[in-house]
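Each chain gets a letter, A, B, C, D, E and F, in the order it is written, and its residues are counted from 1.
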Amino acid sequence: MSDTKKFLFVNRKAPYGTIYAWESLEVILISAAFEQDVSLVFADDGVFQIAKGQDTTELGIKNFSPTYNALGDYDINKIYVEKESLEARGLTVDDLLKLTYEDEDDDWAEKDSIHVVSSAELAEIMDQQDVVLSF
Amino acid sequence: MKFGIQINEGPYTHEASTTALNFVSAAVEAGHEVFRVFFYHDGVNNGTRYTTPPQDDRNIVEAWSELAEKHNIDLVVCVAAAQRRGIVDEGEQERNGKDGNNIAPGFRISGLGQLIEAGIQCDRLVVFGD
Amino acid sequence: MPMLHTVNKSPFERGVLESCIRLATKGSAVILIEDGVYGATKASTASAMVEEAMKDLDFYVLSSDLKARGVDESRLIDGITVVDYSGFVKLTVDNDKVQSWL
Amino acid sequence: MSDTKKFLFVNRKAPYGTIYAWESLEVILISAAFEQDVSLVFADDGVFQIAKGQDTTELGIKNFSPTYNALGDYDINKIYVEKESLEARGLTVDDLLKLTYEDEDDDWAEKDSIHVVSSAELAEIMDQQDVVLSF
Amino acid sequence: MPMLHTVNKSPFERGVLESCIRLATKGSAVILIEDGVYGATKASTASAMVEEAMKDLDFYVLSSDLKARGVDESRLIDGITVVDYSGFVKLTVDNDKVQSWL
Amino acid sequence: MKFGIQINEGPYTHEASTTALNFVSAAVEAGHEVFRVFFYHDGVNNGTRYTTPPQDDRNIVEAWSELAEKHNIDLVVCVAAAQRRGIVDEGEQERNGKDGNNIAPGFRISGLGQLIEAGIQCDRLVVFGD
């Protein structure tokens, strides 16, 4: 077994209603320190986690959505969003945060971290993983 | 108008307790009386003084204690639900032979009858849960 | 005896909003709170069910939960009323009782 | 306001997967001591709470389903089960516990506590209540 | 690289089983546990979805959760294999990895 | 084979912890090693010695403690999740200025890295939750 495993974090729950989304993000950030091959999936209501324009001032819960912007700095840039989940919720990629990273293999060019994929493509991606963490 | 509130979920884990806090604040601001908040199921986890939330987040347990003191609200933690989940006051500590307790200020542990009583005495009973 | 129903679950993951609509009598009010606010938006797979239910039921949605989730009011189904917490309290007063669909 | 209120307990969750069903039953039993007008509803997955033949020996969680048989002794005998919920789950009333009570106004004749009602009938019953408790 | 999927939610209240079926690749195994065992029964509104999925996926169901809920094995969809906890453990060994659909 | 386990829900409230207990028992009986059980989200509530379940029900917290001692299983409670929910050991008690602690025997509080490490070191990581 190689020292590097493919870790997949599956995010399927809406933010704020329950804490799963936030505490999942905390694990994802920690995972960056272990130099594994990390991918994230946002499917079903999980796509709401990375919706743009979140403002929790009135609600009183901490707005943790800006933290997703830090993922690129942690070399976490394989973020897969299921197309069918977006469509069912009346959303497009323009309704999501613009998450990017700087590609060191391409003269630090800024690139999109988010890849919108079909269910079939996502199924294949999930199948290639070694460890799947769900919240 | 006289309100009773039931909360079924723990703080942080679920939004229910935060929603109830905001609702109760708005109700007392509008001049209503909130007679009792009854914590049931995982709601009993709102009543532990052992929580230490992140510094940049809200402290829900303290918010309940303060709101209750300011507006004379009866915060009741269900004893049966509390025993399953490890919420203990001095009486429960002695009864169950525990070496300490963790109940937060302003909360008391009592029976399920307090919930039914709230339903009888209040004009409205509003439930927040999962 | 009008009733206020609260729904706090996403209609995409749970059957709660559907159950509420099935079992609420004509003239009742429904307030969407917490993750339930996702049920108030247009162009989703749940929109048609809500639009149909609005013939018999009055729908409200809690503003602080909408804002937290980044749901702009322009995305709401026409005819759903946005209320703040004082409006939520008023709805519980104006109706004789409250049923929480948990 | 009269001293007696109409209390409705709405049970919509399956047993054992979560504790709501069991802790709801504990409240219902306590409510009997307050001499209120108590009704129970079992709808959606709540109908599974009163399925017959429950055996938790292997699982290790206490089987609380026999306790429903005691409801009649506590004068809790208005138990409404939604027909549509049963049908969606492939169940009939024969798959449920036989819950009965002795009618003191009818020479203590044994009568069924369970009433299978349609969605429309259930909606009317729910509308007649003063206090609705959900779990 | 075969994967074992666990589903612990009732298909009548949650969309989880549907999501699992949508995103599991052909040849994967699915074990229904906890409230998920209700998805293994015949003559329900969820049966057709499971029967269709069984063309591509192998379905298992945990016996102790069936018994606890009073679901007699005669009510199961034909072709679903009943396993005990040692069978559950064996499935996690025989497949390369496990995805829990929570 | 070497197993890691993640538990996301509290005892009694959700079946997840009971399922995991049964799974771990069956795994060790089949000769496998269970390296670590990581308690996250409300799963941290499995680690309090303050629970007093009804006498005719199972004692889940004790069952974990005993299973861990018998089979040398590392029971790790996530520190961040524990702070939000009021699960405290001696170190946390001192750090956060609490007047007591409630951690159960055989459990220890540590960081999220322990979960990732379990994912790296184990042949299988199995998650139980809601």
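Just so we're on the same page, a contact is a pair of C-beta atoms (placed from the backbone, for glycine too) under 8 Å apart; a residue touches a chain by one contact, two chains touch by 3 or more.
Fair warning: this is a prediction, and the values are worked out from it, not measured in the lab.
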Neighbouring chains common to subunit D and subunit F, by label | B, E
Compared with subunit D, which chain's mean CA position is the farthest off?
-> A
Which chain maximises the distance between its CA centroid and that of subunit F?
-> C
In whole angstrom, the CA-centroid distance of subunit C from subunit F equals 38
Return the distance between the CA-based centres of subunit A and subunit E, expressed in whole Å.
-> 27
Multi-chain contact residues (two or more partners), subunit F = 8, 12-13, 15, 22, 41, 54, 80, 84, 125, 127, 129-130
Per-residue overlap in subunit D, given as positions that touch at least 2 other chains | 16-19, 44, 59-61, 131-132, 134-135
Which subunit C residues sit where two or more other chains touch them?
-> 8, 12-13, 15, 34-35, 64, 84, 97-98, 100, 102
Among all the chains shown, which pairs meet the touch rule set out at the top?
-> A-B, A-C, A-E, A-F, B-C, B-D, B-F, C-D, C-E, D-E, D-F, E-F
Where on subunit B does subunit D make contact in their complex?
-> 6, 8, 40-41, 80-81, 84, 111-113, 115-117, 119-120, 125, 127, 129
Can you list the residues on subunit F that touch subunit E in the complex?
-> 1, 3, 8, 15-16, 19, 22-23, 25-27, 29-30, 32, 124-130
Can you check the complex and tell me which residues of subunit D touch subunit E?
-> 13-18, 44-45, 48, 51-61, 63, 65, 88-90, 95
Over in the complex, which subunit E residues touch subunit A? Could you list them?
-> 1, 3, 15, 19, 22-25, 28, 96-102
Residues on subunit D engaged by subunit F in the complex (per definition of touch) = 16-19, 59-62
